[in-house]
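Multiple structures follow.
In what follows, chain A forms one complex with chain B and a second complex with chain C.
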Partner chain A sequence: MFLYICRRIVYTIPIALAVAVVCFSLVHLAPGDPLSAVIPADAPAEVVERIIQAYGMDRPLPVQFFAWLGRAVQGDLGFSVATGRPVTQEIGRALGYTFVLSLAAAAIGFLFGILFGTLAAFFQGRWSDKLVTGIALFGVSVPHYWLGLLLVIIFSVQLDWLPSLGGGSGSWINRARYLVLPAITMSFIPMGIVTRTVRSTVADLLGSEFVTSLRARGLGSSRIANHVAKNAAPTVLAVMGLQFGYLLGGSILVETVFSWPGTGYLLNTAIFQRDIPLLQGIILTLSMFFVALNLLVDLLQTLFDPRVRRN
Partner chain B sequence: MDNIVEVRDLCVTFKTSEGSVYAVSNVNLDLAEGKTLALLGESGSGKSVTMKSLMRLHPPHKTQITGSIQVAGRDVLALGNRELSDMRGKDIAMVFQEPMLAFDPVFKVGDQIAEVVMRHEGCSYEAGRDRALEMMECVHIPSPRKRLDAYPHEMSGGMRQRAMIALALACRPTVLLADEPTTALDATVQIQVLLLLRELQREFGMSMIFVTHDVGVAIEVADEIAVMYGGRIVEQGPVDEVMTDPWHPYTQGLLGATVYPNMDPATRLVSIPGAPPQLYRQITECAFAPRCPHATDECHDPLPPPTQTDQRMARCIRLPEVAGALPRASV
Partner chain C sequence: MQTTPKSANALKAADGGKIATKSRGYWATVWLSLSRDPISIVCASILVLLVLIAILAPAIAPYSPSQGAMVDRLLPIGSPGHPLGTDELGRDMLTRLMYGGRMSLLMGILPVFVAFAIGTSLGLMAGFFGGWVNTLVMRTTDVFFAFPAVLLAIAISGALGPGLGNSMFALTLVFIPPIARVAESVTTRVRLLDFVDAARASGANSLTIVRVHVFNNVMGVVFIYATSLVSVCMILAAGLSFLGLGVKPPTAEWGLMLNTLRQSIYVQPWVSVLPGFMIFTTSLCFNLLSDGLRGAMDLKR
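And then the complex of A and B:
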């Protein structure tokens, strides 16, 4: 078990390196000069030269990459071109907001997803199943920025119950009020996907021979539910892990709709301002989140499913 | 002698999207205490459905069961859910065909056995584990203490089936249902598991219903035999009588198509032409008639009451003239 964990951790190193290469080259492959946005068009040539040197952009790309990587590993992602503040500081602040939003959205989405999915599986083919499956389908197919706008119109504009813009400040309660609408909006996709996963996994299990066998042993429904839950957990956990990953990645659209100062909003700003160090920093940070999250899900799976441990 | 299992006029119908499936029709079964009854038949003949009905394991809202089922003095079809699950695994237990599928893959085998003991005897986890160990020894699993902590996928096929038997017998059931317990196993392991079942049956004084499609296995384990075809019992009686003097042409066909102990080595095997019937309608005539070498026009009329003696029964309109006619290939 310990060896398995070590091996899984070692496996993530090449993945992380590959991710770093991709996210460095992605930005440099994009057309346009990264510094054109900050350098005035009529600046004298020597000033332009000095700025390019200051950002190290006169050196060959591989050298730039290793220099960047070397600093990134030490936690230095450079300075934002637009604000002049350290990239890590900008990202750190945004991450906090996105994390809170993701947590709230995941809590809502997973709770209802598991509830709805289990309900649908137990009442397969009946009206409650059809209703819940319909909700799940709506959750995954509705464009969530549109849903966000709709919620803003209803709850902020017409009813005036909740604020619609910004991250809020001051007391906990005030901040929470700002969180409600974006969290509900963000929860729809994970809710739909978790519902569908739970429904199909649990339905498969309920129809399987071993559940018949459990009933033949005289076990009651709570014991059977326990068996089914432990069997469904690896699949459902994997899906929830990935969904949480997507949430942590932040949603450019939803965060922009609500002006929620998270990573999605920051990424959006960085793209439009062609703020290369910030952009690279955000992409790298978010990718590393995914790598770490996948690792965590894998490890959790082995905890629940002894069959995974074998290989 | 008292019958521990009595089934009268059992009919099982499944409702599917394509209509009703008449899986089992008018089945009568008697099982005396300490005896073994073999249910013999090919796939889809209704033998497993009959077995699962004895424990009411079919999904209730898709299944219609009529008739009466008495197990150990209890009217199974009248039991409430609570009494039903009290009975399952305690008075009547089942060994499944494919132990890999019948064990929960993510729980340790020993814990699954302990769980059943805890459920029915209200004992502690430790006591349940002790019983599990005792049962593993009982079914001759090597190094049983170590195997308690094994997961089902860590065992070989034969060992898994032994563990399944240990699980089924953990609460000392009076009736054991074995649903093709040797079908998924290697030939050499099959014999071991058969012998084990027979040994344990004597040791525990259980009655057993043994479902199989293998005539040789039926001869090996059973006292009584019931041959099923198209959801009905076509022939029933003591196994040695039925095997030496089969009345029904289907039983004759089965015997003519299989190798079994003490057969004449010069005999050629003859297969039964055609395929088993579809059960999407209620078959009132002889279901075997389309494949039967002795069939005449009257065989397509509704079946008359079965031909019956004290010990034996067969459902064929052409009895007694077709009795004992084993199919022989011309050499």
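And then the complex of A and C:
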């Protein structure tokens, strides 16, 4: 077990390195000079040269990469071109907002997803199953930025119940009021996907031989449900972990709709101000979280299900 | 060919005078099964209609998509002359939605189509040859899986800058790894089946085996998977335009229209959400059609 965990962690290192390479090369993917935002167009040649040297852009790419990586590991991601503040500081401020939003969306989505999925699996083919399958389909087919606008129109514009823009301030009740609409909007995708996963996993288990034999031995339905839950947990857990990662990394659209001051909103700003160090820093941070989350899910899965270890 | 009449006669005799008909091909069976599913038929009809409207937009649209009258700004749905109202620059919404379908459908379908071609080829290669080819291809896809898909698409098209070509390139790149992974796993499974060994034993070379024996078996599974990605791609493509990373104004595109109309939700809320409704309808139809196709192509059931 200990060995397996070590192997799994070691395996993550090359992936994390490759992710860093991709983030680093984003700068060179960008058209034009990455420094064009810093250097004024009419700067004399010697000033340009000095700026290039200051940024280390005159060195070969691999050297630049490792220098950048070395600083990144120490928490130095450079300075935002637009604001002049350290990228780490900008991201740190936004990260909390994105975490709160993703956690709230995940809590709502997972709760209803598990509830709906279980319901649908136990009542296969009945109207409740069809209703739940329909809701899940809606969840995966709806463009969530549009759903966000619909919720704003209904609950902010027409009913005037909840605020629609910004992250809120002051007391936690006021902050929570700002959180409601974006969290509900974002919860639809994980809700749809978790519903589908739970439904198919639980349906498969209910039809399996070991459940039939448990029934034959006279176990009550609550104890059978317990067995089913234990067996469904690893699969559902893996899907939920992945979905949480998608929420963290994919919050840009919803954050833009609601002007929620998280990493997605910051990324949007970085893209349109062509603030390359900030863009690079955000992508690196979010994807490293995703890599770590994948590792965590894998490790948790082996704790729940020893069969995974043997493969 | 010369033996055909003879064998047909033999069958005729055996069958009591009736000529034996050739059993239906695979695709004919799929088509028959699909045509009996009312949901699939409705979705396919809606999609065909949307594509036709998009193609014929210049001929059937009542107004110009780029010219509006400022006096007619933000008319409500059901206004005389403008059945779906007008947008923030007084342009006819019906016309813009018709034209918008051209870009939105193109951006939703083409990246998956290209990714399907490239991803399937990579997956077939990796699965069939195994060894270092497999390691190279699959470890590269692992790197892409280490990013959340939405973030990767936005990062690439954000770094490249706004534009139709850049966003389509980003979307294609995002969809290649998952398709390659599915193609690889199916190919690996098929390659180990007995009939591939039998073909090799009878002297077929690798190319023939892939072309005749492996390709058809892999294609169906990957095709179903790719159709399920079209709905994701529609939403993501319109999302890129919504952020301002796709086509540039004044081009009509559903995601971009939703973005520019966002400021108008306080004036004409229901006109503002029409483009989103189109994205939703298309994505829903692709999802349902993909489900229907999955059911129809799963002949084991």
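Operating definition for what follows: the second predicted complex is superposed on the first by the 308 of 311 C-alpha atoms of A that agree within 3 Å, B and C clash if a C-alpha of one lies under 4 Å from a C-alpha of the other, contacts with A are read in each partner's own complex, and residues count from 1 in each chain.
Here is the rule we go by: a residue touches a chain if its C-beta (ideal position, glycine included) is under 8 Å from a C-beta of that chain, and two chains touch if they have at least 3 such contacts.
Please read all numbers here as calculations on a predicted model, not as lab measurements.
Overlay on chain A: chain B and chain C fit together in the combined arrangement.
With both structures placed on the common chain, the touch criterion links A:209 to chain B but leaves chain C unconnected.
By the touch criterion defined above, A:217 lies against chain B but remains apart from chain C after alignment on the C-alpha atoms of chain A.
Judged by the touch definition given at the top, the superposed model places A:230 against chain B, while chain C stays out of reach.
The superposition places the C-alpha centres of chain B and chain C at an angle of 70 degrees about the C-alpha centre of chain A, rounded in steps of 10. Legend: residue contacts after superposition of the two complexes on their common chain; A:66 is shown touching neither chain B nor chain C. With both structures placed on the common chain, the touch criterion links A:29 to chain C but leaves chain B unconnected.
Put chain B and chain C next to each other and count what each touches on chain A; the higher total goes to C. In the superposition on chain A, contact is made by A:294 with chain C only, not with chain B.
Looking at the shared chain after the overlay, A:305 reaches chain B, while chain C stays out of its contact range.
Put simply, chain B and chain C get as close as 13 Å, counting only Cα atoms, in the superposed view.
Applying the stated touch rule to the two superposed structures, the chain B and chain C interfaces on chain A have no residue in common. Remark: chain B residues 52, 55, 57, 85-90, 93-94, 96, 98, 101-107, 115-116, 119-120, 151, 153, 167 touch chain A in the complex.
For chain A in complex with chain C, the residues that touch the partner chain are 14-16, 18-19, 22-23, 26-27, 29-31, 137-138, 140-146, 149-150, 152-153, 157-158, 245-246, 248-250, 252-253, 256-257, 267-268, 270-272, 274, 276, 279, 283, 286-287, 290-291, 294.
Chain contact summary for the complex, chain A toward chain B: residues 208-210, 212-220, 223, 227, 230-231, 304-307, 310.
Taken together, the chain C residues at the contact with chain A in this complex read 139, 142-143, 146-151, 154-156, 158-161, 231, 235, 238-239, 242-245, 258, 262, 265-266, 269, 272-273, 276-277, 279-280, 283-284, 287-288.
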